[in-house]
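Here's the structure, in structure tokens; my notes come after.
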Amino acid sequence: MTPRFIAQIGLTLFVFVMLLNAAAVMVYFERKLAALLQQRLGPYRVGPKGLLQPIADIIKLMFKEELRPAAADRWLFALAPILSATAAFTAFAVVPFGAATTLFGLLDEPMLLQVADVNVAVLVLFAVTSMGVYGIVLAGWSSNSKYSLIGGLRSSAQMISYELSYALALASVLVLANSLSLTEIVNGQAGAWLGVVPRWHLFLQPVGFLIFMIAGVAETNRAPFDFPEAEQELVAGYHTEYSSMSFAMFFLAEYINMVTVSAVAADLFLGGWHGPFLPESLGWIWFLVKVGAILFFYVWMRWTLPRYRYDQLMSFGWKVLLPVAVVNLLVTAAGVLYFGL
Amino acid sequence: MTAMAPLEHYLILSAILFAIGAAGIFVRRNLITMLLAVEIMLNAVNLTFVAFGRALGAADGQIIVFFVMTVAAAEAAVGLAIVIALFRHRESLHPEAFTTLRG
Amino acid sequence: MLFYLFGAIAVAASLLVIAQPNPVYSVLLLIASFGALSGLYVLLDAPFVAAIQIIIYAGAIMVLFLFVVMLLHATKEEPEGVPAEAGSPLVLPARGAVRLGAWLAVALGIEFVWALASARESGDFAGGSVSSVSALGRLLFTEYAFAFEVTSILILVAMVGAVVLARREDPPDAGGAATEEGAR
Amino acid sequence: MLLLIPLLPFAGFLANASLGRRLPKAVSGTIACSAIGASFVVSVLSVTRLLAQPVEARAIAQDVFTWISAGRVDVAFGLRLDPLSALMILVVTGIGSLIHVYSTAYMHEESDPEYARYFSYLNLFAAFMLVLVLGSNFLVLFVGWEGVGLCSYLLIGFWYRKPSAADAGKKAFVVNRIGDFAFILGMLLVFATFGTLEFQAVAEQVARLAPETVFGTLSLITLLLFIGATGKSAQIPLFVWLPDAMEGPTPVSALIHAATMVTAGVYMIGRNAVLFSHAPDTLAIIALVGVATALVAGTIGLVQTDIKRVLAYSTVSQLGYMFLAMGVGAWGAGVFHLYTHAFFKALMFLGSGAVIHALHGEQDLRRMGGLKHDLPVTYWTFLIGALAIAGVPGLAGFFSKDEILFRTFTSGHTLLWVVGVLTALLTATYMFRLVFLAFHGVRRGDGDHGHGLHDAPPAMAIALVVLAVGSVLAGYIGVPHALGGSNQLEQFLEPSFRAGAEAASHGETHASLAIEFGLMGASTLAAVAGIALAAFFFLRRPEAAAALSERFSGVYRLLLNKYYVDELYDAAVVQPIRRTSEGALWKGLDVRVIDGAVNGVGAGVFGAGSLLRRLQTGSVRAYGAGLMLGVVLVVGYYLW
């Protein structure tokens, strides 16, 4: 039981708890922000300024009855939310969120603020994300309900379609950074050009960033790409038949996925924990600020833009986004090759 | 890294998986499951490639796995498209339902 | 040892793939088997293969299978009721062929294991490992460049073929799932 | 540099063949003309460089690439410019350019794609012809030889929708193939005998041998080569294709079937002068064949009614003259005649083309007449050509023809000389028959072409005038000593007819001036008499000609039907082959043996298949079981 081992376990637990918290905070954040955008008050009864609302929500969900349709496939119906949530949590494991630290000298050598430092982190991220599809597909199918099935199929088709553009946008960053390790990619963005402009990949990859954000929104099934749960058509999509904690897990997964995508975007394009004014050891504050900004953007979009039509989404993904992503990757590769960027 | 299992064990595992895949073709009466059995066989071969590649210290084993996966993807796409087309004609996935071309 | 854990998972999952009748479970069990294989690849110092095993096999190909299963509602297996056509003695009755084939598969497995067991030399992992993705990439785009290009053509052909095969004769409804899935 | 000469027209061919369909006529015509024109310029530059070299070593060689290198065979794709080929490339590119220009107007009524096709063929022909004359060995020459044959076929059958044109093309091709076959045999024999195909090397080896007194290898080689030449140059017995070749467009007849391609045989003999001079037997045959062809063709030309056919027989006849010259060893004289003939015969073909053009396709002499007022340019230029070919003193034909006859006489072939003079008389007669029938007298054709005849358009007129000037002046580079000249051309060509090392041993045979003037007088007399004869029969008393043909109706019909040669060939060669093919090969071998074998195999396969198809159960798993069985057995075998 070396200190390092203990620190690693502590870090893992910390991330787990923080992700749970993040989901709760996001719920509050979203409801408040939505209210603001719609000129309402939002939750304000539970606790000061409604701050305890998420806790109330959780308690409510926990005490609800767990329902299962009679014709549902028992095992898969139970497995689906677990898969979803597991994939969401696991994906964050490879995302670094702060500079290496010795925890105030407790450790002999610095430890990365990242649950698992894998040298093929980006690939692992993909692998885990692609597993998330199964949760949704199985939820849709095992419910044995047409709303769920259509929602599940739509969702997975959408995720698979946009995963390509997502991956290609990411790949162009990989080409720039010449590494598959997220930590290395972040460290490559330290410093600034001419002392003013941060060396973020955002400035080298504006198109890539845009593609990444669009595909990220579609990946997480958020508005304006939230067909799987389009209320008007599908009641609530793949989780129509779910209730209580199973539903909570899907809910959790969705919010954690948002956080993950935001965190990855911050790492890949916005320089991660690097930023001016703050010492390296407090870099995680920068990281939180950046993730928060992207999350704000998410919520803002959801309450501002109308929903697309499903066929528009698919044709946009295959006929516009994917070609643009391919061209972007080619141009990036050519640029790296000829200008040695 | 802990001590690795000997190469033979990887190969035996691969042989067992291959046999399972081969048997699957005959045991199941569903075209889709039969295709799945083919995938098992392909993966058994992949395991052999990677194990041998590791044993010989060469990267070629991994490269070939890459190609096998590509071929598997193409095979799955075309195979499943054929299954869908067949299903439209016969409303069945039973392999013996498609024997119109027998001699 | 992790090898035996993963190996056992792979064998058990694969056995269940072919041993139970519901294709949805088969697909999921196969994914589990792939996960175990991916673990084995990590043990073999091939993290890249492990990752693409999950991304491509489990994440893309198996989704395709799952879709087709769901699309065709093929959750139940049909009975082996198709009678073998009465014909000349040369015809192998389907039932007999099936039984023979299954036993032959077992025989093949036994042969392989036997062959390995009787091998004179014992292999070990003395050779160094090549786990760097850039080394693989370099090899792929130099020595195997031709194969790589040919594979890309194969994929293109497969894609076109799948679209054509899965297309309905009547005009497809907008965003029909079948065409979308066939295209992948 | 040398390579450019054939390459430029070839580039023109590629351009017109690939893009021509979509180009307007002006563009494709310009491409073709500038390609051959540029080739002409390059040729002139090359010849200038050649002239700058010392007389004895005048040659520019270029090995483009190693073509075949296998064991003993080592052939380079070599080009070589020496005096003989210099003259030839100037003729080919010079006259070729004029004919290209002429064609732009003559072919103007064709559609754009057809127009481009025509010019692409014409350019391709020029390219091959230049390869033929520039080739430094037999094989390269043969490439050009076959290439011009191909182009000739394509251009004769240019209007392939007309059955007669398509047939004529096929006939030319087939007849040429017979000659080519002999040529290939000769070539192989050269290689077998000398171990090389280079002209220079062969000549040097031959020069060391004594001339054959009895018929031997050299004679056989030269005879085979000569048979090849009779095919290409339309000599007895293979001359039958040339008159039919007149189905092609008239400029093609002028370029290919009068000025250049048909002289390839003469050129080839001249190129191998050393070889041929060592085979006196062959030379005798060549001389005999030449003079016989000249006479036969001349007599046929006397009665033909198609304006182009008359010219075609005239061409055959003049080619006979050239072969006569070759046969008596007067290489220079033969090539001289080749060169002057190119001018006036091209001129006359183009003139006849202008006539046909003006009359909207009318080719029958009996429907012409009186055209000299309507077509003055054509008339005067044509007249110059006729005078030149007839051998009227002062014009090109006189010098060259006289040179041939003089050399024939001085080499002791008095009989050949007599026939030659007779033929000269015939030449003058039929040529002026043509002139008088077409241009003098009154129009005998239908009234519908009566007015609105317009003379040659500018592009055609330019070509005619330039060629007419050439027909007058071309002879002056070969004025014989007797007339105070120095016979420059012959001296210029002399090195080409000797092996490199051989000294100029046998100089010019110096006959006495009296004999030379006498002979000149005789041929002049023949020319004048011929013209007078024509004037009498076809200008003064046309009915006398009719009466004459009445009285000798047998001879007349014999001549009109070209001595029944085509019919003879049909009965002797074509029909037997056809009967054998039909009776033995088709109904016997093909139907019984080959079809029987094929059907038998089919039946066998069908029988085996009907047995094996029972294995085809249609059950995937049964197939799989079979596969597994095989795998298990094979693996088991190796384990055993």
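Just so it is clear, A, B, C and D label the chains in written order, and each chain counts residues from 1 on its own.
Keep in mind that, in the parts below, contacts are C-beta pairs under 8 Å (C-beta built on N, C-alpha and C of every residue); 3 or more make two chains touch, one makes a residue touch a chain.
Quick caveat, the model's predicted, so the values are computed rather than measured.
Peer 1: What's the minimum number of touch steps needed to get from chain A to chain C?
Peer 2: 1
Peer 1: Comparing the two chain pairs, does B-C have more C-beta contacts than C-D, or is it the other way round?
Peer 2: Most contacts of the two pairs: B-C.
Peer 1: Provide the C-alpha centroid distance between chain A and chain B, rounded to the nearest whole angstrom.
Peer 2: 34
Peer 1: Approximately how many whole Å separate the CA-defined centres of chain A and chain D?
Peer 2: Centre separation, chain A to chain D: 85 Å.
Peer 1: In whole angstrom, how far does the Cα centroid of chain C sit from the Cα centroid of chain D?
Peer 2: Taking the average C-alpha coordinate of chain C and of chain D, the gap between them is 72 Å.
Peer 1: Nearest whole angstrom, what separates the Cα centre of chain B from the Cα centre of chain C?
Peer 2: Roughly 3 Å, centre to centre.
Peer 1: Which residues does chain C have that touch at least 2 chains other than itself?
Peer 2: In chain C, 48, 52, 60, 85, 94, 97-98, 101, 104-105, 108, 112, 181, 184 touch at least two other chains.
Peer 1: Note the residues in chain D that touch 2 or more other chains, in rising order.
Peer 2: 614-615, 617, 619, 621, 624-625, 628
Peer 1: Quick check on chain B: which residues sit in contact with 2+ other chains?
Peer 2: Within chain B, the residues that touch at least two other chains are 22, 25-26, 96, 99, 102.
Peer 1: What are the touching chain pairs in this one?
Peer 2: The complete list of chain pairs in contact reads A-C, B-C, B-D, C-D.
Peer 1: What residues on chain B touch chain D, complex-wise?
Peer 2: By the definition above, chain B touches chain D via 22, 25-26, 34, 95-96, 98-103.
Peer 1: Where on chain C does chain B make contact in their complex?
Peer 2: Interface residues on the chain C side: 1-4, 7, 10-11, 14-15, 17-19, 21, 23, 26-27, 30, 33-34, 37, 40-41, 43-46, 48-49, 52-53, 56-57, 60-61, 64-65, 68-69, 71-72, 74, 77-80, 82, 85, 94, 97-99, 101-102, 104-106, 108-110, 112-113, 116-117, 119, 122-130, 135-136, 139-140, 144, 147, 151, 154-155, 157-159, 161-166, 168, 178, 181-182, 184.
Peer 1: Inside the complex, what are the residues of chain C that reach chain D?
Peer 2: Checking each residue of chain C against chain D gives 85, 87-88, 90-92, 94, 97-98, 100-101, 104-105, 107-108, 111-112, 114-115, 118.
Peer 1: Within the complex, which stretch of chain C touches chain A?
Peer 2: Touching chain A from chain C are residues 24, 28, 31, 38, 47-48, 51-52, 54-55, 58-60, 63, 66-67, 70, 133, 174-175, 177, 180-181, 183-184.
Peer 1: Hey, which residues of chain B end up touching chain C in the complex?
Peer 2: It comes out as residues 2-13, 15-30, 32-33, 35-37, 39-40, 43, 46-47, 50-51, 53-63, 65-67, 69-78, 80-85, 87-88, 92-94, 96-97, 99, 102.
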